[in-house]
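Common to both upcoming complexes is subunit A, partnered first by subunit B, then by subunit C.
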Partner chain A sequence: MGILLSIVADLGVPNFYVLIPEIIVLTVALTILVLELFTKNKSLLSALSIFGLGLAAISVFFIQEGDKTLYGLYIVDTFSLWFKFLILITSITIFAVFNPYIDSKRSYYGEHYYLMLFSILGMMIMVSSPNLITMYMGLELMSISLYILVGLLKRDYKSKEGAFKYLIIGGAGTAIISYGIALIYGKTGTFDLIGIALKLQDNIDVGGIGGLVLLIVGLALKASAVPFHFWTPDAYEAAPTPITALMGGVAKLATYATIVRVTVDAFGGSSEVWAPAWAVLAAASMVVGNFIALRQKDVKRMLTYSSIAHTGYILAALASGNGVGFFAILFYAMVYVFMAIAGFLFLSAFERNEGWTNSVEDFKGLAKRHPIMALYMLILMFSMLGIPPTAGFMGKFGIFLSLISADVWWLTIVLVITSVISAGYYLRIVANMYMYEPISKAKFNLTQIEKAVIGFLSILTLLLGVYPAIFWEISNLLTNSLLMTAVAR
Partner chain B sequence: MDLNLIAFWSLSTIAVLSALGVVFFRNIIYAVLSLISTLIAISGLFFNLGAELIGALQILIYAVAIVVFYVLVISTVPKYEGEAIDLKYSLLSTPFAFILFMELAYVSVYGLWVSGTGVFGPAMLNQVSNVKAVATMLFTKYLFPFEVASVILLVAMIGAIVLGKKDIVED
Partner chain C sequence: MSVSYEYYLVLSGLLMVIGLIGIIIRKNIIALLISTELMLNSVNIAFVAFDIKLQDVAGQVFVFFILTIAAAEAAIGLGLIMAIYRMKRDVDVTKISELKG
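Coming up: the complex of A and B.
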């Protein structure tokens, strides 16, 4: 027994103060789990969730950064704190418009609230993992909560079908990731990202490559990159629309952040392996996502394919394999989350009204019936397309620069051509809104909160394009902090 | 002949034969019984290698929990009348299985794994048992993933109940 005691003696007590945001979210989730048994008061549950998320978001500012706690399994650096903050803030917008949606669908489940909180907790764990095991656990917590959330829509067979597909394919994805982690552990003897980088150095061999490739495949599946995207259209379309915003916006943000951290910190020295792999996945996603989106009549499905295409744009930056690329991917991921959430929440708000079927035809004449909302949608579509002065333009510009700086010309050409193709479906919505007469004059019934949330997100998208300095600075800071950890090995 | 070697060969033979049985038996009950036989033989192989903890876990989790789950599933579905070999799926799955096997073999032969290093080397394991070594790491360094796993299990349980129960339609 003496030997074991000598091993654990110098471990000490973990610093739980830096875990305060996670503890708040977990406590609120467990409180709602119990509270939901006694009350059917939706406003109370949703207000409690928003309060918890807001409190956690504020508490992020009071945390001493630069600390590794829980025996090196949890990192609290600028990167993780900023992404935690962004995840919490964007989730609040989804909770804010959640109740009207489930009211109109008459599909109340008390489980919605705490399952969403659990999946947000999983995302927070993911972005602050300096270790493959913590990353895997966070990913599992996020994915399993999302599988269930997709299926929670009453009287809707498609929702259950989408959840089932997501469960099967997502489960295969996590199995592939764990296989990859096992190979990397077998090769290096450690789960720690920096430890892996130290062990592999610049000469990665067949064992390491096997693990890295499987890890890339699994993470690409979670980020819904082609050819691992088959679950995405079904799951995104079938899920309740606010949940789609959670999956397509917040969960994607967490996945991109994790992908960047794992590839840079653990495999920084072997960019000649992962840069081409991400390049191929990105090119396939851009081409397939944009071409299929072109043929969609249903706007929710169209936004889903557009989300696959954006996975391509964002991951393309990894093909450059340099600091500019990491900078571009972080910037685009951060602005994309606002666009994606606003797009899906727009549909969620209009879906509540009679006669709205999410079809492209429904957008006809929207500018006359709802000038403000049509303007917001215009900003969002221009931003996703990448027209200046929106944030989407600045994001694509960053990706473009990073690809040119690394001389990946073929991918740059794919990026430009597919962006032009994407105009075909984004502009069709704009044209339908502004160039047609409305079929009926009836006003849509939207709540003030919905208008405010969608307006806030769209105007933010515009502002970040006009004045991107704040997010440029933040991306710069995050890239430096990421590269510092990678170089410090 | 070394007793260890005899144990290894007989257990491997049982495992491979039972695995063939899982694939080729037409009766699904026989297939599940073969599966139990495979899993127990593999657990015997673990014991043979001196990994008594994994051997015991193999029996507890796979041979008991998961097989009971299979039996429950079989008992709820009507009698299954299937082909012993479905040509389409065999053709589809053979290349994948082959690629997976080649990948494992190649990586195992040329991967040059790190093993027997770290704190718990063979010398250390001779003094403390496997169970103590695993528990020491699990409840100190890997405490956090262990706790997160409990949340994951809670979520999975909630999901099974919510999706499994009948919809109560509000009016």
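Coming up: the complex of A and C.
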């Protein structure tokens, strides 16, 4: 004890008060870890998770901003608090519709709940990392929990195969990221983002460029940008659909936030290296994602490729390398998370019913059978396509502006052309829903919570397009907070 | 006589590339998992080599994190291999693949 006391006296006790959201999520996860051994009560476990996430989301508002804790390894600024809040709120919607889905698949595991909470904890750590070690640990906590979650579907071989592919390629991505970190560490002698920026300044040499390129490749792999997207369709298709929503919505949001923070804070001075790299990855993602999505008959796979294409749109904003770009990427990432989650949860709700195979044909005549749900899907498809007055339009508009402001015309043209191409598959669903007679009039069986959650998310998508001022302001605030940190070095 | 740190870096880079090639060309799922582990552990050599250069210990701390993650990934990977083998009685990627990528 003597040694421990002298260490604490030297360093000081870290401020645990600002870690309350993380502590709540961790406590709930560990409680469920023990509790699920004794009870098979799904509603209890799910209610406990939702309660914990809600409590953590509320506690975010009571935390003082701008504090660095755990000896500089953990930052609690506006950026991290807002993204934490968004991650918690959006994961609640997934937990809310999770039980009916696993009931219908007869694939109950108590592990689902705490693994989801652990991956959410990993995302929260990711977005509040001022340091490459913290970023790496958060990223891995998230990914490793997700590897298991993908494989947790009973008597389903595809789920195991998807999980294994995700594990192998995700593991390779982890190794590439850590090699990038090793090169940057060897060059600068520090893991701290601001420290790296101070050391590199504007003159980045070959070692630094190598590290940066490996880091970009690894992060692009985690965000499933082409040409590092092989795992995405398989893992997304094989996973239980609510887990796909978690991977394709919330985890993506955390990854984008981390990408923005790392590129801006640590490599703010070397935008001439990373801007073209992200531009090429973004262009490839837009082209490949949209063209392959056109050929998909399965809507889950189609949404997966659409999520690859959206990775392209979102990363395209980084190619501009200026404040407008960071603003646009944050805004689009924030509205995209609602669209993606609502899209996958829509499938998860219908997938529970007999005779629904997620194929495009199943959508035929849906407007006659479920007018309200069809309307929600219409809003979502228009939003992903980017038709005003939906949030997707405002997001694409922001990215368009940022690319023009940086004179990256070729990428702007790719963005516009691929957006037009994407109409081919989004509108096919809309046409199937509204222009065909239903084969049977039988209603699908949906719970009230599922309807409410999907309705909430799609109406939010519409409202954010009609009245984007709140999210504009927030993105503005976050961009300023990021750039302030980068400039203050 | 001590070996200068560049040699260790070359070794780690070589192991990294071997691991990457392994992931691309091997057809056995156990070999795929081994290749991933090889890649992760090659990074450890790089970190320790940079610590020789920088006269620091921060890199060696990072090595512990990577070891933990590699262990977790190996555990999940072996679990999945068991699950796959139970269902398909085979470990050849070309024979057991159902998803089209």
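One rule holds in what follows: the second predicted complex is superposed on the first by the 479 of 489 C-alpha atoms of A that agree within 3 Å, B and C clash if a C-alpha of one lies under 4 Å from a C-alpha of the other, contacts with A are read in each partner's own complex, and residues count from 1 in each chain.
Here is the rule we go by: contacts are C-beta pairs under 8 Å (C-beta built on N, C-alpha and C of every residue); 3 or more make two chains touch, one makes a residue touch a chain.
The structure presented is a predicted model; accordingly, all values stated were derived computationally and were not measured.
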Which of subunit B and subunit C A:P371 touches, first, second, both or neither: neither
Contacts of A:Y74 with subunit B and subunit C, given as first, second, both or neither: first
Which of subunit B and subunit C A:E161 touches, first, second, both or neither: second
Which of subunit B and subunit C A:I133 touches, first, second, both or neither: both
Of subunit B and subunit C, the chain that contacts the larger number of subunit A residues: B
Touched partner set for A:A172, first subunit B, second subunit C, both or neither: second
Touching partner for A:L26 - first (subunit B), second (subunit C), both, neither: first
Touching partner for A:L115 - first (subunit B), second (subunit C), both, neither: first
Partner chain(s) touched by A:P227 [first = subunit B, second = subunit C, both, neither]: neither
Partner chain(s) touched by A:A182 [first = subunit B, second = subunit C, both, neither]: second
Those residues of subunit A which subunit B touches in one complex and subunit C touches in the other: 133, 136-137, 140, 144, 147-148, 151, 160, 163, 183, 186, 189
Touching residues on subunit C, where the partner in the complex is subunit A: 9, 16, 19-20, 23, 29, 32-33, 35-37, 39-40, 42-43, 46-47, 49-50, 53-54, 56, 58-59, 61-62, 65-66, 69, 72-73, 76-77, 80-81, 83-84, 87-88, 96-101
In the complex, subunit A residues that touch subunit C: 133, 136-137, 140, 144, 147-148, 151, 157-158, 160-165, 167-169, 171-172, 174-176, 178-179, 181-183, 185-186, 189-191, 230, 233-234, 237-238
Subunit A to subunit B touching residues, read off their complex: 1, 3-4, 7-8, 11, 14, 26, 33, 70-74, 106, 108-109, 111, 115, 118, 121, 125, 133-134, 136-138, 140-141, 144-145, 147-148, 151-152, 154-155, 160, 163, 183, 186-189, 199, 205-207, 210
Complex interface listing, subunit B residues touching subunit A: 103, 106-107, 110-115, 117-119, 124, 127-128, 132, 136, 140-145, 148-149, 151-152, 155-156, 158-159, 162-163, 167, 169-170
